[in-house]
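For clarity, chains are labelled A, B, C and D in written order, and residue numbers in each chain start from 1.
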């Protein structure tokens, strides 16, 4: 470990709006902290709720000027696009079923979109949104935030460099227990996440399975060809899966397993990824994100640490402080915002987005929705192997 | 923790023979240590190899009298059965394809059998052996040694007592890496374990998958109804699976996943079991066997330790030393021998085997071979759900 | 774990200046992120370096207006105090020997001071600074950042509530290895930290020992009465200690040990605290800060997690995201800034600082310098027990 | 990991007697298992208690012939020395104050002694016993059993080979909590261990501190020159220390800390050793004994495992099973017996003890008693630095 500084170069910060994320929301607050950490955004407008009073109250609490507080994302998109100092980017942090409509309003006006996952609540919507994003000059950034962890970047870099040889196995899991019982009707987070009209056909598959699925591909560099799923709703009356067992076959012959669960008692946010190749293995767990276990075949296991010996440029790029000073979930999330900012600033300057800037895109979002869809279809067909539709 | 003693009551030790386990064998030596730890057996005869010189050399090295060293298990069974002080029990530690024939020679002469797993190399043999065992007065003990770990007994007792409520999920895995490359032809262990004529149709499924499968049922108290498997031989030229992904459906609605692999680089002997019920969760890992993680739903996770606070009678029965003094693999294995000894001594005394004495039986062995068979059949049918045959 | 939101209430942010922290500095950047995370400060002025060009370059990179960039902290204090929208608070992040003079310039003009630790490089200075702080209406906040970790707050609350009974033992250590070899002369961080004219008489004792010492008292609620130290400079030519062994006697009869080292190879930032009372024990490690191990005597060890079951109000107050989503070093540091902000906003509003707002003060800073001084004196007297001077 | 066998070569087993270790004793049972594991001893005689009925009952329970059961160790020594097939070695597992007298009875008759630690309850006795041992042809083996762990042998070998460079720091601790409250008068283990007339002047220092002290020297290869101690009896009425803080100065300039405690709530048997040199660091914990953490300076930390990659001959010599199959406390203890057996068999054959055979000797025992004595003297002199007397 060396104690060294890291210099900032804060160009004029990016003017940011937000859709959703009003009072009591969970992920909206996370996005706001993430946007602040590296100082590259200023939140100046918001349609934080579709209820006017709630939108106003929430906006004022965040220090927004009253005339930049909206109760309609459409109104916000229209007006902000016309303002001289209108927002350059918008964060969409609503329940899933709102993503597509909201995003399209901004995309078509050239406002960059930073959108929470999963991309949409239906596959049809996802495909429409892909078209809209592709038709727009604006960027579309999906906040698969776990891709922002430095040791995830490290793992990805190692695999891309061949350190593991040809990949054979991808074992990924995401276990929680917060839905182990029927949700309290007052719990808004639980309510919409288990309502298929808002979250989509996937429950745990959509809420957390997509993260696991995305992370496995992000790190391994591999795409799933077919999958075979057994979905279950253990809690009586639940309309979406709260547990999913999935077997995966990747292009090139690698195999995998994905388990996601929201009823695995004793698991808080247990996203864990293990990848094994002909020459080595890697293991990482989200709850201890500064560590990456690396075993070159036939040698002792090594504990790589963020900022520590044996780590490379990809991790260092997105790391803020020295080894032994743990970075967490918010910093990983902030990295998605920082990557977005790098891309937006390049756009602003009329330059290409630098090649080292990496963030999940609308295409990754589509794959996530295809993953949910494939899980649901396979499970309905007695766990037949299915391709992405 | 309390530092307290544990008294021994060594009745006349049981006269033991061994089939297999000659020079350079792995598991034979493990059986011998296991038999010695609690002082309840005396090894006095052996057919340690079918090669006479090797049998003799191996027997002498173990201190056997020359006239109790055999090169044929059949000869040993016949002669020992006639001797006044002949063996009372035999440990069979050969490659799998020999188990059935050897076991039957002893069973039919009333000599108790302690047999390594998997039970046999074919399902046909397994069923025959079940009949032989059932027809015999002698005991049949299968060394699924992991069932001997105190914290496994603890987990089993907790689940049986309802501490976890109705079980929903059984996640079990057994990952190794010692076959990640084509085995050296000089490695006898690797050679027979990857030769289907000796090990059977399952590779990793037979060698380690059966352990995982057995342990999951032993602890959960649940039986698998159907399974769906994707088997793979990653190493070119390998004739049996070296990796298996399996989804499980248990009686009563629980679901599970089983992963076994011998190519997961960085894993030495990674048998890990996690069981989740409506009211709690348990997690255990073989490489750290003195720990059991227990989370009652809505409470903090607890680290139960062998001999420590919060552990019960089932674990204490099979524990030798106080908390904080780790017991290991050999002690767990020894417990199988001690349980066998308890049962044999009861038989010797004309008593019933005490109800608290627990060991894997020939029926468990049959289930293990059925598991291998079902995995192979399901995988051949594109991962269809199959029942045990 | 429950996934729930946490609402922000961003009043007009506090206008902040910074002394030190120019290009290539380490801790200045940390302070800036910490100040941003909760959105309660705006950095608007800086005397980031005493070299004018460097000050200018660093200020511009941070987006400061050119007329708010200074190369003299005195000039900054004078001018900002006169401005209508001048800074309300200043962060002092220079090497230790500058702290006192800089702080006094702001304190005497009623500008709140947030100062890095240790308080000063000499005990004489520390005492002077205490007087200045006491004579000022402005607040003095010392960034013993580790006190901002939620699980440290949890531990403190548990001990204060009597959960551990009377405290017997305080074992604290802070091990690093970055100075295991003679520092590269180009390493500015290493250079001033091993130069007694800049860092003070303590090396590891000052740089990290003070953190350990402070944290032990913060959590235990106990003050050291006497200590006995054995200091060593292992690296040839080093003028300050790079390792310290210290025995502690606390008021009320508790005993402790403190070890700090910058030559313990394999340790990155190993601050670890263990406290044992008559009724229970607690264990915490900075590198895994979201966990707190709690053992009530005679019960199983429990793993308390940030946001998880069994944690209380003190931790929740300073926690941002749900359990299982790790918070890190920067969030803990940000909590010091947030606590400072709460106090400053109360002052601004003419109110008392709320009683739940907790941060290290100038008095804590004095104790830290007394600790260094006592270690040096004891070690010079062959490890005699000494009191604080 | 390779799955390979390990061959036994059981020469005629050594005839063993035991002094102490009757019904309800703790350490006697441990010695018996340890003696059995590798099959090199036969327990054939015992003076298991000084109470005749208890001696008889205990002996019969262990399967001893009635004429080899004694209630006086002296009688046993005299008679066994005369028998043709009398014992060759004796295990002395009584409370400390009996060690010297018992050992001398056997030593003077040429019977090898395997004695529990600490060597004696007084320094005077220890010195006498050294003389007796030196005057005898018989071997004296002290069961500092933790030296038998394979990864301890590994650490020792690495340091001896220079892998860590010159040693700077030795941090050792041994924390328990079983005496956190006044002991139940019925607890025999607690009773004699806190009675200075039986255990000696040291409480925790004698019972566990000696283990820590011995292990630190065994691994580091260094001898303590002076120490400085602060002893405490936290439990009211306790006559011996239940906690000790000790600073150590080793020959050649290394420094160390030793902490032992029997009141650290939440610690079961927390013996932990960390050694840091100029070129690397090692960390080991008794409760997870199959792991050794090794950091070469400037490289990633490596997890060495018993039997795993990167381990050498010294560990392999005393290891029984492959990596990933945990060995525990009993196996480590058994290694002391196996080493003793190797030495005894060499003696029996008129050969030199092979140089690779390593076990703690009477000299190590003397150092342990000197350590206790020095701690007590230093503490009485207000933690002055003292030499061994």
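Rule of thumb we're sticking to: a contact is a pair of C-beta atoms (placed from the backbone, for glycine too) under 8 Å apart; a residue touches a chain by one contact, two chains touch by 3 or more.
These numbers come from a predicted model, not from an experiment.
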| request: Could you check which of A-D, C-D or B-D has the same interface as B-C, with more than half of the contact pairs identical by residue number? | output: A-D
| message | When I count C-beta pairs in contact, which pair ends up with more: A-B or A-C? | response | A-C
| remark: Cα centroid separation, subunit A vs subunit B, in Å, comes to 43
| Cα centroid separation between subunit A and subunit C, in whole Å? | 33
| note | Touching at least 2 other chains, the residues of subunit B are 177, 267, 294, 301, 305, 308
| request: Examine which chains touch each other and state the graph shape they make (line, ring, star, complete, other). | output: complete
| note | Listed in rising order, subunit D residues that touch subunit C in their complex are 164, 168-169, 171, 177, 180-181, 228, 230, 232, 234, 243, 245, 247, 249, 255-257, 259, 261, 263-267, 274, 276-283, 293-297, 301, 382-385
| request: Sort out for me which residues of subunit A touch subunit C in the complex. | output: 1-13, 23-26, 28-30, 32-33, 36-39, 61-63, 176-178, 187, 189-190, 267-270, 286-290, 305, 307-308, 320-331
| query | Which part of subunit A faces subunit D closely enough to touch in the complex? | reply | 294, 298-305, 308-310
